[in-house]
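Below, chain A partners chain B and then partners chain C, in two separate complexes.
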Partner chain A sequence: MKKNKGMIVGFLAPAVIIFLIVFLYPIVRTVIMSFFNIESVTDAFEYWEFVGIDNYTKLFKTQIFVLAMKNILKIWLIGGIIVMALSLLFGVILTSGIRGKKFFRAVIYLPNIVSAVALATMWRQYVFAPDYGLFAKFFQLIGADKLAEMQWLAPENSFKALLIAYCFGMVGYHMLIWMSGIERISPDFYEAATIDGANKLQQFRYMTLPLLKGVFKTNITMWTVTTSAFFVWSQLFSSVTANKATIVPVQYMYLQIFGAGNAVTDRNAGYAAAIGIILCLCVVLVFTICNAFIKDDDLEF
Partner chain B sequence: MAKEKEKKVKDKINWKKEARLAPGYIIIIAWVIFTLVLLGWIVAASLSTTKEIFAGEVLKFASGIHFDNYIAAWGSGGVATFFMNSLLYSVISCVALILICAPAAYVLARYTFLGNKLIQTSFVSAMGVPITMIVLPLFCLVANMGILNDLFASKVTLIFLYIGINIPYTTIFLLTFFANLSRTYEEAAAIDGCPPTKTFWKIMFPMAQSGIVTVTIFNFINIWNEYFLSLIFANSDQLRPVAVGLYGMIQSMQYTGNWSGLFAAVVIVFLPTFILYLFLSEKIIGGVTGGIKG
Partner chain C sequence: MKKKIVSVLLCAAMVAGLAVGCGGKGEGGDKGGDKLVYWSMWSEEEPQAKVIKEAIEKYTKDTGVEVDVQFKGRNGQREGLEPALQAKQNIDLFDEDVNRVNGSWGKYLMDLEDVAADYEKEHGNETLFKIARTAGGGTLKSIPYQPSIFGFFYNKTLFKEAGIEAVPTTWAELDAACQKLVDAGITPITGDTTYQTSTLGYHLGRYLGQDGVKALVNDPAIMEKVEAGDVEDVNWDDERVLKALKDYEDFASKGYFSDKMASNVYPDGQNKEFAPGDAAIIICGSWLPNEIKGMVADDLEWGYFNYPAVEGGVDGAEANNIANQVFAINKDSKKSKEAMELITYITTGEFDKKMTEEALCIPTDKANADAWPTELTEVKPGFDSTTTYYDWAVGAENNADLTSAMQEGFVKLMVGDMTAEELVKDCAGICGE
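Then we have the complex of A and B:
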């Protein structure tokens, strides 16, 4: 293989070099930045002031950042439960042998290919609209006046609205992951179980669920990675200056760097870097916990 | 007697199956109808007038179908510029990504050498790195190069970034694909005296076509819908892709109150990926889980 050395280097070089520029160098620099006080993100290294872990401790004393972390945690947890439950339910229904599976699957996944900005706009300007909105009309129709009159986009409800709209968009993706897991389970198992007299519910509880452990881990990991970058939806559901109910860390970070309105008073790129690190650590933490509790290969099938 | 019993059991199972499927149908159909109503109404609203939208009479088309919303959004609304930008960014990035990642993926899949595992692990981990971890130094780098005011240089930078952030995913996706191709083709080519580089471009690359098409669709959709990087690095309307451009339009529409125009813009923005999906949904859906398993 030695004579292929030139080819290996030549084929790998572009990808690896770009990777080093776009990933490795920035990650290392972000880690370093998080320990410094940096007035402007473009400042040269000479102007950085070492502050140790001050950026982190200060962040957790900043009310708005704590609020942002709480919000993202709520989105991760509540949204996660809703999305996982719905996507698993849909996945199970679609693999249970109903007609039109391909069509249903395609429609449910559809929101994932639409730009989040467009999707969020649809929800804001149509579903949640007070007069002609889908929710208003629908709840009027079924006589739920209280829900029909609900001002979804008012500050006190905007977080709920955001969560509903976001979950709607995410279900399809996770459903596909569940489905691929369910379809990998051999039909022989179910046949055997049916012969042994297990009903569908028992089969689901005692066969499908345990066999889906690995898929569950994949789902949680993917959900955590997407949630850690949560930004567009928040920005569309409220500009922070008007409403802090839907602020999330990435948005706070963005404001730290590019400043807007009165939400952020002192600018420090070190804070922004620290936020990036905190989010990354959250992802690593979830990943580690998942790996510790859910072993991939303890069940063979 | 035995036969009868068997029949009975079969019937029982069927009945149970149907009973269990009915709620499933109801749930799925309700969700699907909601999705279709949502999209359908947006399309209808984009063809109607702001007045009709507020009157809740979108589906009546009392004043006819208004294609002029689209003309206005495309022209004076500025969607044309965003659209062309997105098209330019997505197409160039997708082509470049394949040219860069396919050879890398092939080498990683086929040859054992020092650092192979390291590169693979790095790429896989990079897929889980939040973009917030990398955006600050990149911005610093670009800003200090002093090119944020130069239109052409900014476009090149954006394309470079779109390529960069999608390299790990594209490489890993293609890697699993190449790993599954049989080695016999290369062996045959080697016996016939074909150099390995030529073997790759002439034989293996074309054979990976279906994987390349799938990953390109994903890259196209990702780059078309990309928001965060574009928001930071595209600082003028001439540079903005559709996602960020649309956000700006929404902000200004709230003052002009031209809702039908806004919905027309929304439709224009999601139309390209939607059309792609219409024809290639099976391939896309197959690719979603294919990429993860690997």
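Then we have the complex of A and C:
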């Protein structure tokens, strides 16, 4: 077929122009903003004050930002291990031919269709409530008095509480990704392995896991992207002002753009933009490491 | 053939969609057209919003001026108002906290000295107008309404049960009252973590004054004055700071605070401990009775006292955080006269009174000076006796980089998980001392 260059340009142009306006312009603007002091995020350029890399150097000297980065790293690492392990376990179980697969899949996925605000409120107000909460009642029932008396929302425990609540909501989403990967593996392989004498555990270890390398990469990337934008849960576990135990970079960024709590505090959208750029670089870094260490292009099935 | 028809129809739909999207300015929608446009900080389901809607209906009926009211909620207002004003969107009037309106959005405000001169004469509460003028840098740029005061609310029934006859006015008297409550088996003080920087700010303010607190937390807005020597440079190694924190450490050691103090994320303390009568005192703003009106114990009788004075302090019980919402008119508004009329409808007479009934708040209009809700009866003398006006949290929250750590440390101090010295060390570290 004869290629019509005009036609190609004509069809591509709208998409390319929209991409440039919707994605590239905000990215470039954010990068530029991060080198300026800007009081309001929508201030005209004439009000911007150039500060070079000061926003970045100040950020890494600011204890509360460093703490926020540590918190998000812990959420990514500890939460990631918990969510990946649980979602893979559920994924494997649900694809093993058990009865009621659709029902369990729907139940485990359910938290994803409930608003994060409603979920966080439910955890805070009901599950973690010290007197009549679900945890308090459950631990009383099994005689674990110390755990029953635990104040989940006190500073020393609130990070744990946040992590548990967040992981609960995320397992279903990643389970679906695992399941789609597992279901791509032909049942013939398992049949052959069974005939050769491999038990279920060996099949999982030597067949399922290696064949899921690509899906693992997808899951890690998705998890990193989601956690880097972690905000609503921290905000709801802190009420008006941010809590030291649960503060995350995006929450700190919000405080810098719109002011903190009830007081009228200094605002600097350029400083906030620098936080956004740092988070973006973190996601790119994780993605690059994943690509370097997890090679799945040698697999064909 | 069918495919071709479908393609043509889809193309037509797409072009029509684009044409609509690129259409010129309409009369309706966000632009408001001929309507008076009001961006409100309230959410539609709040009692304040209901009263405002009624006032607007009456205003439209009386004057024929239609109002496009948009209830944005606190966050919506904080996030969306300034970009909209910068984009020259048609907004005639808006409202929010007095300091935010005059501080963060000051450059968009109309000077109301002339526009509101008659209003002030007839309806203006002297205290509120003084605060509004101070916030506006000496000029009236906002009209106050729904004032509030921050202090200690208490359960009179529990006070009587413990044999407390007079409300505490000094720290020593509060100590004695709390001891009596403990002896009677009643938890003396509860609260929500959200408000604990305010508690700390108040206590530090008693010893240092507001500027002292701001200097202590390195509030960027006051550091210039500190460097110029106009304001005393207060640091965390100041013995008054340690003394203030030791006061709280002492209260904690005597068991005056609820053991859930550190885990009471708003609104747990007010809803689950104060409202049912499980704790006798709570520090909060005068919006408290409205927020918990549906859940208070049948025998709860409302009492209030201003934050007590401390021995050797700079400020006494006459220094308080009186805040209020304010209305402001966009300096670019073409309908400033109508906007001022609407403000008058909402903040005076019938609807101001209705606001006190529906939202259990303090009246704005001086003509309604006797319309205080029963729940706030004891607040009135505290409010009227205030002569020094503190900002929110007495300025203790003005450094966003410090607030989280200070708040967490302070609630730990209240439950005995941290000492005063440890809190001083933590905060000094963050402030680079």
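As a working rule, the second predicted complex is superposed on the first by the 269 of 301 C-alpha atoms of A that agree within 3 Å, B and C clash if a C-alpha of one lies under 4 Å from a C-alpha of the other, contacts with A are read in each partner's own complex, and residues count from 1 in each chain.
In the analysis below, a contact is a pair of C-beta atoms (placed from the backbone, for glycine too) under 8 Å apart; a residue touches a chain by one contact, two chains touch by 3 or more.
These numbers were taken from a predicted model, which means no experiment stands behind them.
In the superposition on chain A, A:Ala229 makes contact with chain B only, while chain C stays out of contact range.
When the shared chain is aligned, chain B comes close enough to touch A:Met33, but chain C does not. When both complexes are overlaid on chain A, the residue A:Pro155 reaches chain C alone and has no touch with chain B.
In the superposition on chain A, A:Thr42 contacts both chain B and chain C.
In the superposition on chain A, contact of A:Phe258 is made with both chain B and chain C.
Measured by the number of chain A residues touched, the leading partner among chain B and chain C is B. By the document's definition of touching, of the two partners only chain B reaches A:Lys102; chain C does not.
Comparing which residues of chain A touch chain B with which touch chain C, the overlap comprises 41-42, 125, 131, 258.
On the chain C side of its complex with chain A, the touching residues are 78-79, 82-83, 86-87, 97, 99-100, 103-104, 192-194, 197, 220-221, 260, 262-266, 268, 272, 391-393, 395, 397-405, 407-408, 411-412, 415, 417, 429-430. Of all residues in chain A, those touching chain B in their complex are 1, 4, 7-8, 10-12, 14-16, 18-19, 21-27, 29-30, 33, 41-42, 89-90, 93-94, 96-98, 102, 104-111, 113-119, 121-123, 125-127, 131-132, 134, 137, 173, 176-177, 179-180, 194, 199-200, 218, 221-222, 225, 228-229, 231-232, 235-236, 249-250, 253-254, 257-258, 269, 272-273, 275-277, 279-280, 283, 287. Note for the complex: chain A touches chain C at residues 40-44, 62-65, 124-125, 129-131, 151-158, 237-245, 247, 255-256, 258-267. Contact residues of chain B toward chain A in the complex are 13, 16-17, 20-21, 24-25, 27-29, 31-32, 35-39, 41-42, 45, 53-56, 58, 100-101, 103-104, 106-108, 111-113, 119, 122-123, 126-140, 143-144, 160-161, 163-165, 167-168, 171, 196-197, 200, 221, 224-225, 227-228, 231-232, 242-244, 246-247, 250, 259, 262-263, 266, 269-270, 273-274, 276-277, 281-282, 284-285, 288-289, 292-293.
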